[in-house]
Amino acid sequence: MILLTRRATFSASHYYWNPAWSEEQNVATFGRCANRQGHGHNYTLEVTVNGEVDPVSGFVVDLKWLKDVIEHEVLDVYDHRHLNHEVPEFASTIPTTENIAIAVWKRLEVPVKVAGGAKLSRVRVYETNDIFADYLGETDGASA
Amino acid sequence: MILLTRRATFSASHYYWNPAWSEEQNVATFGRCANRQGHGHNYTLEVTVNGEVDPVSGFVVDLKWLKDVIEHEVLDVYDHRHLNHEVPEFASTIPTTENIAIAVWKRLEVPVKVAGGAKLSRVRVYETNDIFADYLGETDGASA
Amino acid sequence: MILLTRRATFSASHYYWNPAWSEEQNVATFGRCANRQGHGHNYTLEVTVNGEVDPVSGFVVDLKWLKDVIEHEVLDVYDHRHLNHEVPEFASTIPTTENIAIAVWKRLEVPVKVAGGAKLSRVRVYETNDIFADYLGETDGASA
Amino acid sequence: MILLTRRATFSASHYYWNPAWSEEQNVATFGRCANRQGHGHNYTLEVTVNGEVDPVSGFVVDLKWLKDVIEHEVLDVYDHRHLNHEVPEFASTIPTTENIAIAVWKRLEVPVKVAGGAKLSRVRVYETNDIFADYLGETDGASA
Amino acid sequence: MILLTRRATFSASHYYWNPAWSEEQNVATFGRCANRQGHGHNYTLEVTVNGEVDPVSGFVVDLKWLKDVIEHEVLDVYDHRHLNHEVPEFASTIPTTENIAIAVWKRLEVPVKVAGGAKLSRVRVYETNDIFADYLGETDGASA
Amino acid sequence: MILLTRRATFSASHYYWNPAWSEEQNVATFGRCANRQGHGHNYTLEVTVNGEVDPVSGFVVDLKWLKDVIEHEVLDVYDHRHLNHEVPEFASTIPTTENIAIAVWKRLEVPVKVAGGAKLSRVRVYETNDIFADYLGETDGASA
């Protein structure tokens, strides 16, 4: 069982707001994150894949390829963007750290399998140094 | 399977000493850590919970609530304290990194379940940058 | 010569835009930072003061006091805010890392001198891990 | 389930080259890593063991012992070395991050079991801050 | 002007207490740091020297030698110790970050000059990631 | 006085060897670094410039431009290279951290002045987390 991880970063704005709620309820639930002017973070992303080590190249996947996939599928869409206003999946889903991790998984799962011949194993998103979410897919959670 | 982690820090003193042993045996086993004047660390704590993402809030748990729980249940008792002399669970248990991780788990498991509606998944304690322990509860160790 | 530094963090949104310029000129100069939806960062702030060590307390300044001053004068105004839209000094000044460092200096210089009895020596602002600005005041640049 | 991890670092040179391939094929696959003058990294190694906490010592394993084992079995052989030319297991295996993780596992598994009375759980190797591989042994991958 | 820096760490206990004051005054001034059971930190030390680059060796000073000097003069005395009770210079001086930086300077200035042929330029002590003190000696503060 | 810093990294091999010396003298002076197979590091570079903040752009220099200059002048020559064998300035100068800092200064001083309109203020090179050199140019050392 071998896992290979590549880290990347992006800077984006967001805010937390449930349009079905009153302003009072939003502020009560989300605190300062409900400020609709938005605030932002330097997000750090860790993308982990697993597979067999190719005996010829010594690679699970080509890390240069993995970097490019992350850039094309995620960073080009998220970096220097306002997540609520400019990223389709957050038009109606609140861009919490948990939901960002799930959204990144959805963007990467197929390319990693089809083009990379590997299995997406974990997506970790750090919102700050002190907060991060891990999404492991709709599996039985057996590997982390 | 989604995991959410919050990090916190505390500064505390400790030493390693088994009262059933002679001084020689303590020094032979624990080296410089057996100095009963104590020494200290900046501990870093990572508390990981898992659960479902609430479709309304986008949260597994409210991170502000999780921060408060960690402060009330752990930091208020451990921070700026001498673990051997001032923290009940270390009166008769040596405060190794392993035992601190288990003790933090015991302090957090019930509040995370009862008040947070989530499941404690992992407690990681860094004693230094180079040493850390993970406690996963009395499970089959299937998730980390 | 003794310098004492306290670090703090805040998360904010910003964009770069000169209203005297056309959109083309803004994009040519500021690239992705000219996106007026804004993007954001986890800023890290380092505030350095110098003075004499009080022989009674062993302090240059009381670090708890310094933390409170940074919170009241800077973090309460900047954290979880959109710098361009919500912070007065950036209504007509572009919130580059350089200008943020200067603005933080202006907010802290008098309180550090009057209430703290010390001299502000340096303000460092990290926009990301890889970019930071230092402002040393309108001195001859003799200390950094 | 308790896991204990010790981190260590070593500095080494390597390059990627498959002697069965032409120079063109090596450069196409490995890019700048195919430069046979070699280049190098500060590798960071995390060695994780699991076991029971000894109720007398509070230890899963003695961390001083674990540090010594890592030094003798890995660092003495890898640190300040050219992996391709001086480390036997890389004479015919390309020293990718994946293969280094597997090789470190093979060096440590028996000593950790026989002399340490614990079970090697994970070997993580960071090649840079942004790239790391985890090897979990030939298990069912249930714990990480 | 070339500066060379070596970092080292030590773990120690301390507390803040002025024996000329009442308990009330100590707690009012030092807060949780006045707890006489002590608490502790992982201190990080940065020792900076300046001098000429030796054209034959390419060294300002031999970093292995500098490491040994720091170990013998500082770490052997401070590491895994209670600073107030076991380190002579803190018997009557409160071990604040500022005073530790000055004390390390006094321990290193002569060996760096006499045995190393270089000039001690700066001692930085981190008490935590967020707090550090720099001592530059009794100079005019021209270099930092 | 405003300083702006950009960080970059490169991975390279090197060894320490003075051809005027015997092997014994090289090993006695340079220890494991004298291994002529070479070893390597992930170097981190910090390039600091100073100047006036342009009131129109808010920039001391354009950080995108500074990044490009560092890439063209330094990284394209040093990254994934063997410094002793492939970088001209180290053909007859030992690539110590000190000498790398000076060499990077020489590569950047003129472009920063001529094309950037700013003044190179400091080049810092980290060989590892624990070792770094700062070169401030042939100034009087007044700013660091």
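So that you can tell them apart, the chains are marked A, B, C, D, E and F in the order they are listed, and the count of residues begins at 1 in each.
The rule is short, and it goes like this: a contact is a pair of C-beta atoms (placed from the backbone, for glycine too) under 8 Å apart; a residue touches a chain by one contact, two chains touch by 3 or more.
All values derive from a computational prediction rather than experimental measurement.
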| item | value |
| --- | --- |
| Chain D and chain C - chains in contact with each | A, F |
| Chain whose average C-alpha position is farthest from chain B's own | F |
| Intercentroid distance (Cα basis), chain F paired with chain E, Å | 28 |
| Chain E, residues touching no fewer than two other chains | 129, 142, 144 |
| Touch-based graph of the chains, sorted into line, ring, star, complete or other | other |
| Pairwise chain contacts under the document criterion | A-B, A-C, A-D, B-D, B-E, C-E, C-F, D-F, E-F |
| List of chain F residues in touch with chain D within their complex | 9, 11-14, 32-33, 35, 37-42, 79-82, 85-86, 128-129 |
| Parts of chain E lying in touch with chain F, wherever the complex brings them together | 1-8, 48, 50, 53, 56-60, 62-64, 142-144 |
| Parts of chain A lying in touch with chain B, wherever the complex brings them together | 16, 18, 20, 29-31, 93-99, 101-102, 129-142, 144 |
